[in-house]
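Dropping the structure in here first, questions after.
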Amino acid sequence: MNFKGFHKIAAGTLSILTAAMLMTGCGGDSQFAESEKSGSSEFLNVSYDPTRELYAEFNEKFSAEWKAKTGEVINFNQSHGGSGKQARSVAEGLEADVVTLALAYDVDEVAKAGLMDKDWLKKFPDNSAPYTSTIVFLVRKGNPKNIRDWNDLVRDDVSIITPNPKTSGGARWNYLAAWEYFKEKNNGDENAVKENIKKLFKNVAVLDSGARGATTSFVQRGQGDVLIAWENEAILSKKDAPDDYEIVIPSISILAEPSVAIVDSVVDQKGTRKLAEAYINYLYSPEGQEIAAKNFYRPRDKAVAEKYKNQFPALKLVTVDEAFGGWAKAQKDHFTDGGTFDQIYAK
Amino acid sequence: MKKDKLVRISLIFLAVSFIFIMLVLPLLLVAKEALAKGFAVYANSLTEGIAVKAMILTLEATVAAVLFNTIFGVASAWLLTKYDFKGKTFLASIIDLPFAISPVVAGLFFIMLFGRMSPLYPFLQAEHIKIVFAIPGIILATIFVTLPFITRELVPVMEAQGRDEEEAAASMGADGFTIFRKITLPNIKWALLYGVTLCTARAMGEFGAVSVVSGHIRGKTNTLPLHIEILYNEYNFTAAFAVASVLVIFAIIILIVRNYIEWRSKKKISAV
Amino acid sequence: MAASKKIIPGFRFSLGITMFYLSLLFIIPMLAFILYSSGMGMDKFISVVTDERILHGYYVSFLCAFVAAAVNGFFGIILSWVLVRYDFPGRKILDGLIDLPFALPTAVAGIALTTLYAETGWLGQIFHELGIKSAFSPLGITIALIFVGIPFVTRNVQPVLRDLQPEAEEAARLFGASEFTIFKKVIFPELLNPLLTGFALAFARGIGEYGSVVFIAGNTPFETEIAPLLIMTKLEQFDYEGAAAVAIVMMLLSFMVLLTINGYQRYRLKKEGIAV
Amino acid sequence: MSEFEVELKNINKSFGDFKASRDINFGIKKGRLVGLLGPSGSGKTTILRMIAGLENPDSGDIFIGGERVNDVVAGKRGIGFVFQSYALFRHMTVFDNVAFGLTLLNKDKEFINKKVNELLELVGLAKFSHRYPAELSGGQRQRVAFARALAPEPKLLLLDEPFAAIDAKVRKELRQWLKTTINELGITSIFVTHDQDEAIEVADDIIITNKGRIEQVGTPADIYREPNTSFVAEFIGDSIRLDDISKFKGFDINEDNTSTEGIGGIIRPEFLEIAADESEASMPLGSEEGKVIATYFRGNNIQVDLEVKGEILHGWRSLEKKPLKRGDKALVFIHRIYSFKNNHTTILENRGKLKDSVII
């Protein structure tokens, strides 16, 4: 009797609660409800923080292109956040058609969750990275600390801002670029490399959790003498305040390859594979490459690269595959718990 | 006498400076940054489509969370004050527990329960029910972080009120709802409203838990606090602070309403 | 059966709603979380939570949360005192401001505080000149935690102080006790329980706080790395189990803090015969 | 040096529009136990609090031990105060409560121990010294409050409604105990009460307050027998108010031979002699005829309510006499009436008695 009464009440409350939630869930946004029906008019690109301007422009162009070609009106949605966090969300159930993340390791995580083919990297040209960038230094006007290359960063009088490689995908490129420089300089003597990297991180004043946070610490808060940043981010900061900053190109750096991939299980379920493929292919088209270059990413397309060559000075660039044996290995060697990065801080 | 005055003045000074430095200055800074590029830019960043959508979503989530928590708050406070039963103290501590849980972890709770790794996921998928990375998830996360507020406000008041009136009504044969509506509610309505205002304020500002379950889809699952983060990460500081100032203004309105309510209740009591 | 003894009707109904709601929104999700992470096994759990870096994260979180809660305890008492006992222009406004940290998204608070306390900020400049690093240091973390914890102590102490009967104070005054002695011996013991409640809540909140702290913390390992950041770090490496392990220990520790303080309060009231 | 231990001169005190004290004047001799008696809101507690220094008078002077204390803070007046709610420090043990005043005087530990134990012995709570107030009964708490107030050996003890919160049976015992104890200690004491029985039973002198004024000061017997004002006459004792006393036999003219028509008065039950018939009546001629409305058994007597000339009077009848019941006729002789004139009370004896005595 008692138990029965409880059940009745519980069932009643459950139905009210669920009904109300579904109502707010669907009624709150009519477009959302539409997408459930027609299935294909919504498209979600889950990306990382610094691509916001890039994809805002790209989606607009591609949307017009797609409409002209097929007559379909697609609503392109963007989600931005830390690269790792975004990969996690997709793995946890955020229904992305495509992911455009900061590094292959994060896309691997989505693949590991069973949402896409394990060899997604081979699906598109250039390691599925339609645009690239590299790691440069942003210093204050006049370069008062006279920072020219990586070895200046281990000087005692230099204060550095760089995000935490453990929480920021982008920051892992910074770390690997520095590693590569010291590796070449010390002829591969790992202990010497570690010593230098350790010195470098001892100079870090603020270890922000994300790349954009680090930029803010450097630009807005006036922390540090040098910001280790992606080239696109550095150019953006300099463009906003040309009189305050200078970009310093180190002698050697890494080729940052932000990865793009189709989330197979989602597009197959929604029936958006064609659209997703067209979307990514468009990134490789001259139009797509032009948009990337305009947003300070180095284009793969030779013609577009030539056009923007003043913006992207040449320097020696190594890839993760060449220097570190791919992302899985790099991650394991350097960034997992107990890896070289943790050793820096180990007591 | 003179010493008393000195103590009084220094204490007031201490209290005011503490609040000024810890609270007012940050708020002034928000206002200053929000208006840094003039009022037009300020108004623009608030009326822009995505900001408006975020505002609507925040209000929806807040209303839903407050509604459910009010029902729960009243029921649980009633339970904890009108009856004696085994495990009552334990239940009271459980209700307080969400205070002790990091909002980020609270968000993860729901990901684990309704996300792709959950055994429930195939079922939800088959039924086309979206919970996490959609509005229901945001509401759930908001409810979670504001769960104890109303109960905490009501319990002391209802405890002080005792059970005599309700027991008298029950002995005359009134049913539970009648007793609640006619006897209990008039006694607790101000405390209830106070709890509701606090719950509302907290619900609007929730960031950590919502951030985990939202999916950050612009114009769809971005609440105001998440929108602020995005604007900030776009280096659009003026807009970020402008939107933040809206939350401050909402909060201030809520607090003014609360003070008005308190003032009215006091007036009413003194009139009796 | 048990319900038949209750005089006021509605026991089963309110118990039903409460238990159902708690289960759906709190207990089941929490169990799901714990269950998911239980796959890691005891060995991994222990090795994760006893890692030196994690331990230091706990230490920073607990220390800063403790100091912040203590500062809030001190000022909470002063604020309640000033708001209840004195009348002065602006008292209402001061009173109204206290709840604001609840409403402001923690991230906004964190950003605003970082702007204020960075070397270029209004207050950071002053600290900088004094040679104190305010933002990006444990001090910065503490400042952020003070901000989010302001309402707890004041809102718990204030009503008790307001409802305090004046006779005991008058009695002490008649013995020639100074105002300070009266406060120490007569008023403070009455405020101790709500103070502890507020302290515990501010402390628990501070341990788990992430949004406002990351901006101002500096996040340097072994210096300003807080436990919630370490959870995030684990998550960034897709190490859900490790994150859960850190989170579960934090939850347990906060819960223990709440329980200990709760227990102490009950013990104190019981010892003095005020509660059974 | 004044003859009074405590003296109030021309005290006025208002709280907003409410006048709590109007031109208060009185003096209390050393060693007396004085009751401040009045209805609630009559300003008696305010007087007590002004003496203690917990309120300041708007005007007038307060003297304690011959010294003007208006500007002396409460803690320096040497006063022990027992609050109505006891105001015990609930987070201190009984011992610490009593010791509180002594620790503030920086007495050494041994002295404090001795003194506190003495006092706890005196109030009969020696074995409760480690209990907390919440663990004591109302009467015990009252005694702790009393001991606490006495500990620093005050010159003057003030008690605000000391028995109000105690149940009836304990209250009786406690009153006796308090009176004896205070008399033994010889400490000048003032207590506030709204209960006339309490005041009459405990106090050496009574001060009656009404609407912020003092109505009368005197010993309980004096006040009972010779109330100065109509308020006192009505407030003290069991009284029946009359609007016009002239209708009763023997009270048609005043002492000064003027008519009493329209003059009000008060009759106490003990002023009435109720007889079942003429044979029982001591003054049958002067008696009025009445009708019994109700009777109440009161243990040692019977209260009889009667209607006499349209007024409802009540008096007592011995259990020995013939019982009366509702509806019976009875003879009522009124021995005396307090008659009012210009708010002053005079005792008017029944003229029949005088006549009778003349006749005899």
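Labels for the chains are A, B, C and D, by order of writing; each one numbers its residues from 1.
Convention: contacts are C-beta pairs under 8 Å (C-beta built on N, C-alpha and C of every residue); 3 or more make two chains touch, one makes a residue touch a chain.
Remember, it's a predicted structure, so these values are computed and weren't measured experimentally.
Graph distance from chain A to chain C, where chains that touch are one step apart, equals 1.
Looking at C-D and B-C side by side, the one with more C-beta contacts is B-C. Averaging C-alpha coordinates per chain and comparing to chain B, the farthest chain turns out to be D.
For the pair chain B and chain D, the distance between C-alpha centroids works out to 57 Å.
Note: centroid distance chain B to chain C, computed from Cα atoms, is 16 Å. The distance from the centre of chain A to the centre of chain D, with each centre set as the mean of the Cα atoms, comes to 89 Å. Chain contacts: chain A has residues 17, 91, 213, 220 touching two or more partner chains. Listed for chain B are residues 68, 117, 140, 232, each touching two or more other chains. Residue positions of chain D in touch with at least two other chains are not found. Pairs of chains meeting the touch criterion are A-B, A-C, B-C, C-D.
Contact residues of chain B toward chain C in the complex are 4, 7-8, 11-12, 14-16, 18-19, 21-27, 29-30, 33, 68, 71-72, 75-76, 78-79, 82-83, 85, 91, 93-106, 108-110, 112-113, 117-118, 140, 143-144, 147, 156, 163, 166-167, 170-171, 175-177, 179-180, 198, 201-202, 204-208, 211, 224-225, 228-229, 232, 240-241, 244, 247-248, 250-252, 254-256, 259. Interface residues of chain B, counted against chain A in their complex, comprise 53, 56-57, 60-61, 64, 67-68, 111, 114-117, 121, 128-136, 139-140, 215-220, 230, 232-235, 237. Every residue of chain C that touches chain D in the complex is listed here, in rising order: 165, 167-168, 170-177, 181, 185-186, 189-190, 192, 271-274.
Chain C makes touch with chain B in their complex at residues 2, 6-11, 13-15, 17-18, 21-22, 25-30, 32-33, 36, 75, 78-79, 81-83, 86, 88, 90, 92, 94-109, 111-113, 115-116, 122-123, 143, 146-147, 150, 159, 179, 201, 204-205, 207-211, 228, 231-232, 243-244, 247, 250-251, 254-255, 257-259, 262. Contact residues of chain A toward chain C in the complex are 2, 5-6, 9-10, 13-14, 17, 82, 84-85, 87-88, 91, 109, 112, 164, 166-169, 204-209, 213, 217, 220-223, 331, 335-337, 342, 345-347.
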